[in-house]
Amino acid sequence: MTGIAIIGAGRIGQIHAANLHQHPLAEVVCVSDVFDAAASRLAEACEASVASVDELLDDARVEAVVIASSTDSHAELIRRSAEAGKAIFCEKPLDLDVAAAEQSLSIAAKNDVLLCLGFNRRHDPSFDAIKAKIDGGQVGDVEVVSITSRDPAPPPVEYIGRSGGLFRDMMIHDFDMGRWLLGEEIVEVFAYGGALIDDAIGKAGDVDTAVAVLRTGNGRLCQITNSRRCSYGYDQRIEVFGAKGMVRADNHTATSVEVASKDGFTTDEALPFFLERYRDAYRLQLDKFLRVVRGERVNIPLGIDGLQALKIADAAQQSCDEGRPVRV
Amino acid sequence: MTGIAIIGAGRIGQIHAANLHQHPLAEVVCVSDVFDAAASRLAEACEASVASVDELLDDARVEAVVIASSTDSHAELIRRSAEAGKAIFCEKPLDLDVAAAEQSLSIAAKNDVLLCLGFNRRHDPSFDAIKAKIDGGQVGDVEVVSITSRDPAPPPVEYIGRSGGLFRDMMIHDFDMGRWLLGEEIVEVFAYGGALIDDAIGKAGDVDTAVAVLRTGNGRLCQITNSRRCSYGYDQRIEVFGAKGMVRADNHTATSVEVASKDGFTTDEALPFFLERYRDAYRLQLDKFLRVVRGERVNIPLGIDGLQALKIADAAQQSCDEGRPVRV
Amino acid sequence: MTGIAIIGAGRIGQIHAANLHQHPLAEVVCVSDVFDAAASRLAEACEASVASVDELLDDARVEAVVIASSTDSHAELIRRSAEAGKAIFCEKPLDLDVAAAEQSLSIAAKNDVLLCLGFNRRHDPSFDAIKAKIDGGQVGDVEVVSITSRDPAPPPVEYIGRSGGLFRDMMIHDFDMGRWLLGEEIVEVFAYGGALIDDAIGKAGDVDTAVAVLRTGNGRLCQITNSRRCSYGYDQRIEVFGAKGMVRADNHTATSVEVASKDGFTTDEALPFFLERYRDAYRLQLDKFLRVVRGERVNIPLGIDGLQALKIADAAQQSCDEGRPVRV
Amino acid sequence: MTGIAIIGAGRIGQIHAANLHQHPLAEVVCVSDVFDAAASRLAEACEASVASVDELLDDARVEAVVIASSTDSHAELIRRSAEAGKAIFCEKPLDLDVAAAEQSLSIAAKNDVLLCLGFNRRHDPSFDAIKAKIDGGQVGDVEVVSITSRDPAPPPVEYIGRSGGLFRDMMIHDFDMGRWLLGEEIVEVFAYGGALIDDAIGKAGDVDTAVAVLRTGNGRLCQITNSRRCSYGYDQRIEVFGAKGMVRADNHTATSVEVASKDGFTTDEALPFFLERYRDAYRLQLDKFLRVVRGERVNIPLGIDGLQALKIADAAQQSCDEGRPVRV
């Protein structure tokens, strides 16, 4: 059993805790949160104790920490965890600031601890199968990756303000997927964005609709479309086109049911949001993290992946602001 | 050019006339119908003359006749056309009476004329592709054929009365398809039917809903479901299951458009009825007939196929009436 | 928490144990099996103790028993559990003998204990959604139910011998589904079957391929096709046709991925077998059982449903043997 | 009957001639081509005479001309046809030079003749249904249009040289579709392109793979991906996303057949190329042109649409060359 501490008992922390609680190789040792009640509730649910960050870093049973607290606490928690020699799983983003993210990576390296990043989508069985088919040669040389990512409804405008903006908060997942599936570093980005859904988002200085195009050093391309609102559920699709063919993953639905009537043939809407769509991905993500901690060689996104995606997001934001392509 | 006379200027006769008029190897020489006005209209549309049956059988330019008149005239027209040495394409059914159908076959044979039958579905590109895949070995030994066939709306009750009943009028197409795809003769049939849609159909002595199961000498099976009413268009599907896999053809739609909304993903209803669904099949059917007339070796349903399907239909009707399986 | 004893630590018992172990309202108190090692292994996995049947029926903590032992033990275990006042969840079939099944029902009734039956498919979210759409009126009056059910590969011939035959062992699930979706009792059955896959199955007195048609008192129809072998996975589809439309559930796949190449567009094969296809159904089934035990009103298949399905299976077997429709 | 002259007897001229020959309201009066043999063959096929351009413009029976000759002849033929008072249907592009295209428009306007442009895709029933659903409000305010357009194989490099480049030759169709579906003028374009398929294309100064993003004055967006090579046929898809939902058209296939095997479920590849994919569109396009010539009010792309698409293509080419967004 690998002892784990969970820092952050919010929505994401709860998902991680439940997955770890059910995992035969993990033991949730303790839970920490700035709100005591939240920590207690989650600790009880996974038969763990409540602990402060000091206490959990000091606890020899804790081999690894899962950081699911607010973004502005990530850098400090990574630093302290690294110095305490704990393996680290950190939710995305590492930080909203590239310099801080770089420092997190160097501290983890200096202390020789594992720093994994919560890019959950890489673990989705459908997207993972796309990657496997690329690696297996079924697509041939990859030429264009197309990613569609639409949330069901915008977050509260208060959240928008501290989110870092659509590119760093939402499209960052797609930047990581594009980079991963292209198999090369992105060298330049161009992005258009606007507040087509809600003026309040525009007044808060952000966009709610955006498209971006990415280019690698070898001229491979990626196009991404994001929207903060989608009537038919959480729209999550990827298509990879190459010399030998194309592979795509369509949305997932709750059932395989189709209704036929005079209005045509109707299937379910897409699954509502990330908790449903990426249920398996969240579970598999921590399973892989555990296996890496225990010494297996498993592919899993690391700190460097979080850093690279953040750099692309910064470039996209700048491109959108200045109306020109920006080098990463 | 092959000279052709069309007998019967109704709905089906018009389809055949239009397809022949556009065919580079066919010349519609004349049109005949018991209603002069209908004959004139159709003759004009395909730049042909009007003729009586006597005249057209006497006309040396007429190499082949297309019989699209009412079912009760088929036997007599086949006899006379055969005696006049014309190649014959006859709409289904040959006749509602097996003895009459058998006599038609023997007269055609005695006069050594071609007698083709209008089982249009065999020429549908989707169903034809199923047959090709079976013949190409992709399904392995065929074990079970499943056919779904539903009309959009019941015909007038007056039509029901003279149609020979659902089994001889509607399911006869499916009996032919089942026999063709199984690649063996049907030896026994069991059928259930009822008037679930319209009591008037039941009072007219017919059923509007039926399922049948067919068995070949080697124990291969076919199941068929028919309905005289279908809210989502003309439902025409076939599935063939075998040792190595399955092949199926789904309904055809007018467009490839899908609408996504909070109610899910909706595609078009099925094409409305046989004129739309089997447009290509009708065209290809006469093209093949022409090629056979001109000496090519092409697979096309013959009189014997019409006779065998009629025998299965008789057995199915008897099974439905008597509540027991009936040998064909 | 509801205390539960699991009798039978084989493949199905293990599924039930895992689902109960993870359920927040259930506590697996003990496990029993004729093989001690199997009982120990499963007891350990779900943090329970090992017990003999005598002991567990005597244990006051055990409110309910889950019977997942071999079919020939069901009747006796139901009797003893009922007399001990335990709520009962029994795997299908109740028994291979109708009289024994009837006695089980009457003993449960006399002792006023709940007797639920493990028709897992009713709890599948896709099939459950079909039922909900029927009940919600989207299909209109149901006229024809069509069920396709194909196993990936035949069981060992030894199993065939004691299984009761395809109709009682495999198609019994479909009989239950047909009856449930038609919403009426089946009054008559006709079935064709044969050993098209493996002669050894035929020599063991069973069939490996079968189609059946069922009729209700009001003339509603159900058609079923079964095969013991299917190259593309575990083929589980249902279609319900009615006055206002049609609703169908297609197979489930592991991912939503589609590969496009010169050979066309290819999606995943169907999920391999029941453990994968009905994973959710097994979980939901025991959740509902627990809720019924705890006093909620929840629809769940009962002993009577097992009995009715068995009677239909007997009739189908007789029909197949004697070549005539048989009243249920 | 409307008398029509066809100028250009190549592949496209032949399609137009066949469609006009079968149209009940059109009469192909004469055919003209720089190659006499080509003109003769096509004239014979549609029962017309051969004529020089001088002769056909002088022929009072010719009410309309269909210009399907090489691009460099379009401007001159439009000028002369306009001055002769003929209604004009011109294949895309009007010209490779914006000034020349503008002059064509002004000459047509001055002579008060109809100048229609052959943007065939607008007449495709699936894309037309998308437009109808947008206009019917099913999508809500349109926010993002996504267009995928991939040819099966690159044209000869000689053709590339005189084609005007991918943006003016191939993506020009998508620019027109994007503009049409967004319902607003495009104000800015950004494009990335490269020769990922064939170095020879790059050496000829063109690209074979490109993505572009377009923005309207109101900030609506369009993303386009083009490739000159596609293993699975002619990939032609459009998706329109808006406030209330999404509508998309998938590829068309030759049949509705699906094969199931241990490798999964496989449907047909996309139709091979534009002759098959846009067969209906070509027919409907000339039908609409004829109806406009005869005085009906029908929506059909005009010279101005050709000009606007060309301006977008020029901007895209410049963007790709200079690495910056370009105003249209």
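Order of writing sets the chain letters: A, B, C and D. Residues in each chain are counted from 1.
Please note the rule applied: a residue touches a chain if its C-beta (ideal position, glycine included) is under 8 Å from a C-beta of that chain, and two chains touch if they have at least 3 such contacts.
The structure displayed is predicted, hence computed values, not measured ones.
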Checklist entry - Between chain pairs A-D and B-D, which one is joined by a greater number of C-beta pairs in contact? => result A-D
Next on the checklist: From the centre of chain D, which other chain's Cα mean sits the farthest off?
Outcome noted: C
Checklist outcome for this item: CA centroids of chain B and chain D: separation to the nearest Å works out as 40
Next on the checklist: Just the number, please: Cα centre separation of chain C and chain D in whole Å.
Outcome noted: 58
Checklist outcome for this item: Each of the following residues of chain C touches two or more other chains, namely 231-232, 244-246, 260-262
Next on the checklist: Applying the document's contact rule, which stretches of chain A touch chain B when the two form their complex?
Outcome noted: 231-232, 260-270
Item to check | Footprint of chain B on chain C - complex, ascending | outcome: 140-141, 143-144, 146, 148, 150, 190, 192, 194, 196-197, 209, 211, 213, 215, 219-221, 223, 225, 227, 229-232, 235, 241, 243-246, 323-325
Checklist entry - Which positions of chain B touch chain D when the two form their complex? => result 22, 125-126, 129-130, 133, 138, 244-252, 254-262
